[in-house]
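Two complexes, one shared chain (chain A), two partners (chain B, chain C).
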Partner chain A sequence: MLNHTIKYEWLNLLRDRWVMILLILFLGITVFAVRNGKEKVEDRMATITKEKEKMGKLDRKMAADIDSLNKNLKPAPEAWKDPRALDNIGWNAPRVVAMDAQPLAVISTGQSDLFTHYAKPKIYGEAYTLGFSELSNPVQLLFGSFDLAFVCIYLLPLLVLGFSYNVLSSEKESGVLRLTLAQPISLYQWLLGKLLLRFFILTIIVVVSILISLTIFDIDWLGNRGAATKLILLVTVYIFFWFLISFLINLLGNLSGSNAVTLIAVWVVFVLLIPSIISQTANSFYPVPSRTIMIHEYREAKALAEKKADEILKTYYREHPEYAPKDTTQQNQYSWWLGNFAASDVINQSVQPVLDDYNEALNKQQSWVNRLRFLSPAILLQDGLNDLAGTSPAHYTDFRNQVIAFADTWRHYFIPRMFNNEKMQAEDFGELPTHSYSSAQVPSHYPADLMGLLFFLTLTVAGSMWVYRRNSFENVLSV
Partner chain B sequence: MLEAKQLSKTYQGKEALKPTSFTVNKGDIFCLLGANGAGKTTTINLFLNFIQPSRGQALIGEKDVVKEPIETKKLLTYIPENLMLYPNLSGLENLEYFSGLANKKYPKEEFLKFLAEAGLQADAHDKRISTYSKGMRQKVGIALALAKDAQVLLLDEPTSGLDPKASNEFSELLTKLSKKGVATLMATHDLFRAKETGTHIGMMREGNLVEQLTTDQINHTDLEKLYLKHMN
Partner chain C sequence: MIFKIARKELTEIVREGRFRITAITLFALLLAALFVSKSYYTSVNAQHSEAKKNVRSEWMEQGQKNPHSAAHYGTYAFKPKYPLSLIDNGVDKYTGVSIYLEAHKRNEAQYAAAQDQTALSRFGDLTPDFVLIFIVPLFIILIGFNAFTRERESGTLRLLKSQGVSTWKLTMGKWLGLFLPVLFIAIPVYVLAALFLANIKDYGQFSLWALTLLFGVYLIYYAVFINITLFVSSLFKKSNVAFVTLLGIWMVSCLAMPKISTAIADKLYPYPTQVEFEEQIAVDKKKGLDGHNPWNTEAKKLEEETLKKYGVDSVQQLPFNWDGFLMQEGEKHTADIYFKHYQLLKDTYVNQTNVYRSTAALSPFLPTRFLSMAICRTDYTSHWDFANAAENYRIELVGKMNGDMAANSKYGDWDYLADDKLWSSVPDFQYEPASYTTVIRQNTSNLITLLAWLLLSFAALYGAVTKMKTI
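Let's turn to the complex of A and B:
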């Protein structure tokens, strides 16, 4: 019976031209969305490439200068310009710590328009004071980006609802339903058959559109089959959820107009209301402390420490005897820096509580949002897509930690050498620490997001069965 | 074949159908006469299980329509006053679709034969229903009865709005089905057709079946007099 219903429903739909219109409409929207995503990712990668090229050029120039200076082909420059001085390299030739885009970054802008994707930590100054926020277009922040995630989260449900809100009610209104229900069928199965077909049609349209768009913009989804499959699975489950909601509302047996209003209300609640309530409550329950205050406290601690630089340096030597000058007759050319390095430990200790508070508040806010995301399928999808795109808050927090860790590596490459009063050599450029980005250690939200969506599916199926049991043809047929 | 046993329906305290009993045997055409709101459609809806009886039973082939809705619907074909079909499908496709819902599958030629037997002209078979007249749609309904091999026909004013020729054709089809042993329950306003086609007549007023008789007991004039007597 299911096959039979589906076969004739298909004939009916084909002759309605609905399917063709839907295909073209959705393909157009998807291509546009992926194009927008691609543009952003290209900008992001172009900036990173440019920075890396600049860094390489500077490295080559400095190496060449060192070579000429060593061969006395050039007069020695002032100390602060001398490429042989380690502080000069550590300060003026920092490495680019970049957050490369994931293969599927185009699908979801996520947090990417809030943060920069590279940092250049220097030998001095704490990495967490580096600006990670990027000034971005406030209008865009207000309305969000028109990316594939937006299309799937906001527009796709509307398409599903438009395609299914009156499956039962239109037949009731036209009168065909009386003849249908006079046949030996189960209303539940018959309606499910009709909706399943529509679900399959729409899913195929969506999947094909997404894959075509990714192909057009040269995104290697075949090479990233795992991520692409996850993307399609997540979106399919989301589509199915909305079809089931429509199924449930149809089963109530109301008229088309009333179905449309009810379904739009459900859409508003899940897609607009719950997400905004969660974000509002996150801000009021766990306000993020001001970054300005944090930086201010950091600077105060720094100023205090700098005043006591000599004293601090002495203590530092006691704690790090390996750094104590071996030849006290010779003046260390980096003596100004050494005091600062020593002071930085003291500064770190005194600002640590401020930093911890700041991080804890951020974590609390994030975990509040993480927990409450299970209240709305729309948030679950957003979260899952950000996860696949590598643009989730977790990815940016992780990148920030990677920058801080690399800043430490960078400094510790120079500190022992500077205490030893060494000089930079041309061949040292190859040995400078480098950073390569990886997101492997970011805990994936995807499995939980998928499970959450499946939970919503189960809930809706249970709801529709309950409605069906309670409802008789009397309700469905009465106008 | 078709039996109402003290069947009644109450809507919010108002009795749309008071306890009513009657039987329609194989080959009978039982015509329900009565003013609008007399309970004719309620009776038919009860047999279709579209509404639940407040008391009593509606039986088709000795099966209770409430307890065995699927089984009883296999036996019946229903033609409402205005039979609506899928406008984007042809007459043939609609017939195939609705027969399929009743799990009746035939080769295409068989379906075409049913349509022809129901009197639908051959050139209309493959045209979309949106181009059909009401009479043509009713014929698809009859073809469905043939395809389903229905033993019971439930008709709710099937000839209202049909021109006399179409109405006559429809009546002939009913007679043909009746000879095959189909039990028909028909609500109608057409006294003439009821006398001509029907084998039994029931008159309803305000939810009561006030009169039951066989058509051979009465002539046209007396039928009309009796009807008016009950209605006034």
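Let's turn to the complex of A and C:
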């Protein structure tokens, strides 16, 4: 009997123009969202490629110059321009340390609009001053991007609700419900069956739309089946959660209008209110440690260290490298640089505790706030999508650490050579340290996010069973 | 007649559980938002004044130094937080709070709060403006979507007509019936906000006039939503359809349009990346005078010219310290380069702003959003204004340092030291925000768009109800 009703429901839906409208609407929205994401990712990768090409060109030019200088084909330039001097290479030919986009980066902008995706650490300068913020119009950051994550988090639940809010009530309003329930059939199973059918149809529409959009914009989801499956799984669970919410509200047996209002209220609470309340209270209860105070501590520590470093070097030498002795006949042509490194080491060591303390406090704050995501399925989905896209805060923190580590590698490539008073040779360019980005170190939030969503599913199922038990048939049938 | 209908509408709305629950929730949300924002505001302000004190004492107590070293040591400008940011925090979360002021370099504001927060903050915060701009329109839709459809569904619309009530009077009654509940919620919030703001110590720039203007803007925004709600309700036969349509309108204007406009603005007028921007500046700097580089061709040219002007044949014979002079000339040159590039950046930003201004014709949310931020001094223009003031202060500070070095030391004498007499001659950084007249002038187009929305939505409502069928 149940099979029968489901079969007719299926035929009914097929003839309904709703399904077609939904498919076209959703496909259109998804294509637009993926296009926006693709544009951002393409810009990001294009600048990285451009930078790397520029770097390669400069390398080749410098190698050629060194070659002709060594063969005395060119007059020797001033010391501060000489490509054979290691300090000039370390300063003028920095490597591009880039954060390549993950295969599914298009799905979620995440934090990618706040931070830069490449840095060029030089032989001189502190990691602290390496800027990571991206230049952008803050209005754009405030409004956010129209990406697939936005579509899934905000719009998808509304589609689910629009597709299911009156499944029970419309039958009741037209009087068919009494007839149906006169059959040997359980209300719970019948409603669940009807909603499951809709869930399958909508999920297929969503999955097909996402895959079509990804294909249109040339995202190799087949090659990244693992990530694509994770994406689809996450979105499917989220859709299912909203169907179950709708199921629960339908079971209360109210009229269509009242169902719609209640469901919208639930949506507002889960998608708009809970995240913003959590976000605001998290800032009050676990405030981000103050940067302004950190700046002060940093400057105090630095000033103190500089006084100590003055014993090693006169201040203006550090600030004015161009006044370094230009005389290369003396024993080591890099002695000024080596002295400078020594001085900046003293300074860096004394300010490091201030930075470490700050970062520790910040990490603690963020891990507290991260736990609060389990309070709303919308936050869980956002977190999971950022994780898959490689645009989560953790990814950017990891990248910053990679840059700082590479800055050190870069300097330590030159220091021993400078002590040996070596010169740069054309063939050395191939041996310069390089950086290749990997996000393997970033701990994945995905499993926890999925579990969190499944927990919400279980809660809703339990809730619907409780409502079903409490609500008598008569209640549901009465108008 | 209008008031009778309004009273009937009000009684009906108030009697309904839906209204009571949502109104209480809304009011509670607004109160919570006000309280949380107030505590946030107070703590940020405390940090701000402490930081200001700190940098001043750092500057004053830096000890004996070469003036140019002092210019390198530099200082910080901290962006003040204005009382009304308690209502609308605008883009403040995404702009830095401090600018490092040093010789040779214009720095961007650093440490935007959003960068130190988790991705959760991207959902938005529960600040009063969030409730005022997103949730209140939903509330209007919720209580008004069936204003006409209900009458039509139950057949009372026909009855009313037979009584000889003009549709326009009926509509105005219903309009008031929606506007008054909104006012009942808005007025206590307004009074509370005024009390809060007046009681904040050191409330600086707060003016009751600005708060009133802000609420005026929001009331116009609500009037637009009431017009749209009644317009849609008068068009459809079924409440359900009216509700879904209104929800779609809300979603498009409040959620989708801002994002779509952003996509368009970004596509048409993209910002350079930070590294690109810095490199363009570096290229220009290299071409010109480098104050720190006596071997630079431009520097050589200046040297020749100066020597000729003073009729001497070496820089040692100049009546001032050539190093200090050269550095100040270089400083002027780099300041010009920064000015040029920031001007280019500003052009991009102005172009993007114009995109938002034109898409505002498609969403009443956009002009309201921009006006609200502008009145609260938390919009991007305010940030630019502050950054420019900080840059002017930087130029002045570095100029003073180089000038002192040129006047009081000899060429090559890098051991010359200045002391707190010079440091104290540099006044503390003071920033006065643009006057409200300027703010209003900058936002005339937003104001006009919002008023156009009000008039056009009234006209549409009028057109719809006069043609309205009773069945």
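Here is the rule we use: the second predicted complex is superposed on the first by the 428 of 479 C-alpha atoms of A that agree within 3 Å, B and C clash if a C-alpha of one lies under 4 Å from a C-alpha of the other, contacts with A are read in each partner's own complex, and residues count from 1 in each chain.
Following the convention adopted for this analysis, a contact is a pair of C-beta atoms (placed from the backbone, for glycine too) under 8 Å apart; a residue touches a chain by one contact, two chains touch by 3 or more.
Model, not experiment: these values are computed from the prediction.
Chemist: Quick one: classify A:Val176 as touching chain B (first), chain C (second), both or neither.
Modeler: In the superposition, A:Val176 contacts chain B only.
Chemist: Which partner does A:Trp190 contact after superposing on A: first (chain B), second (chain C), both, neither?
Modeler: first
Chemist: Report for A:Thr229: first if it touches chain B alone, second if chain C alone, otherwise both or neither.
Modeler: neither
Chemist: Should A:Asn70 be classified as contacting the first partner (chain B), the second (chain C), both, or neither?
Modeler: neither
Chemist: Kindly classify A:Gln382 by the partners it touches after superposition: chain B alone (first), chain C alone (second), both, or neither?
Modeler: A:Gln382 contacts chain C only, not chain B.
Chemist: Using the superposition described at the top, list the residues of chain A that contact chain B and also contact chain C.
Modeler: In chain A, nothing is touched by chain B and also by chain C.
Chemist: Given the complex with chain A, which residues does chain B contribute to the contact?
Modeler: Against chain A, chain B makes touches at 48-52, 69-71, 73-74, 76-78, 80, 82-89, 93, 96-98, 100-103, 128, 141, 154.
Chemist: Could you please specify the touching residues of chain C with respect to chain A in the complex?
Modeler: 18, 22, 29, 32-33, 36-37, 39-40, 43, 47-48, 50-51, 54-55, 58, 62, 65-66, 68-69, 72-73, 76, 78, 90-91, 93-98, 108, 110-127, 130, 134-135, 138, 142, 146, 239-240, 243-244, 247, 251, 255-256, 258-263, 265-267, 270-277, 292-295, 345, 349, 352-353, 356, 379-380, 383, 414
Chemist: So in the complex, which bits of chain A are touching chain C?
Modeler: So the residues of chain A in touch with chain C come to 36, 39, 43, 47, 51, 78, 80, 110-111, 114-116, 118-120, 131-146, 150, 154-155, 158, 162, 166, 256-257, 260-261, 264-265, 268, 272-273, 275-284, 287-288, 290-293, 295-296, 299-300, 303, 314-316, 319-320, 322-323, 362, 366, 369-370, 372-373, 378-379, 382-383, 386, 392-393.
Chemist: Can you list the residues on chain A that touch chain B in the complex?
Modeler: Residues in contact with chain B: 1, 4-5, 8, 11-12, 15-16, 174-176, 178-186, 190, 472-474, 477.
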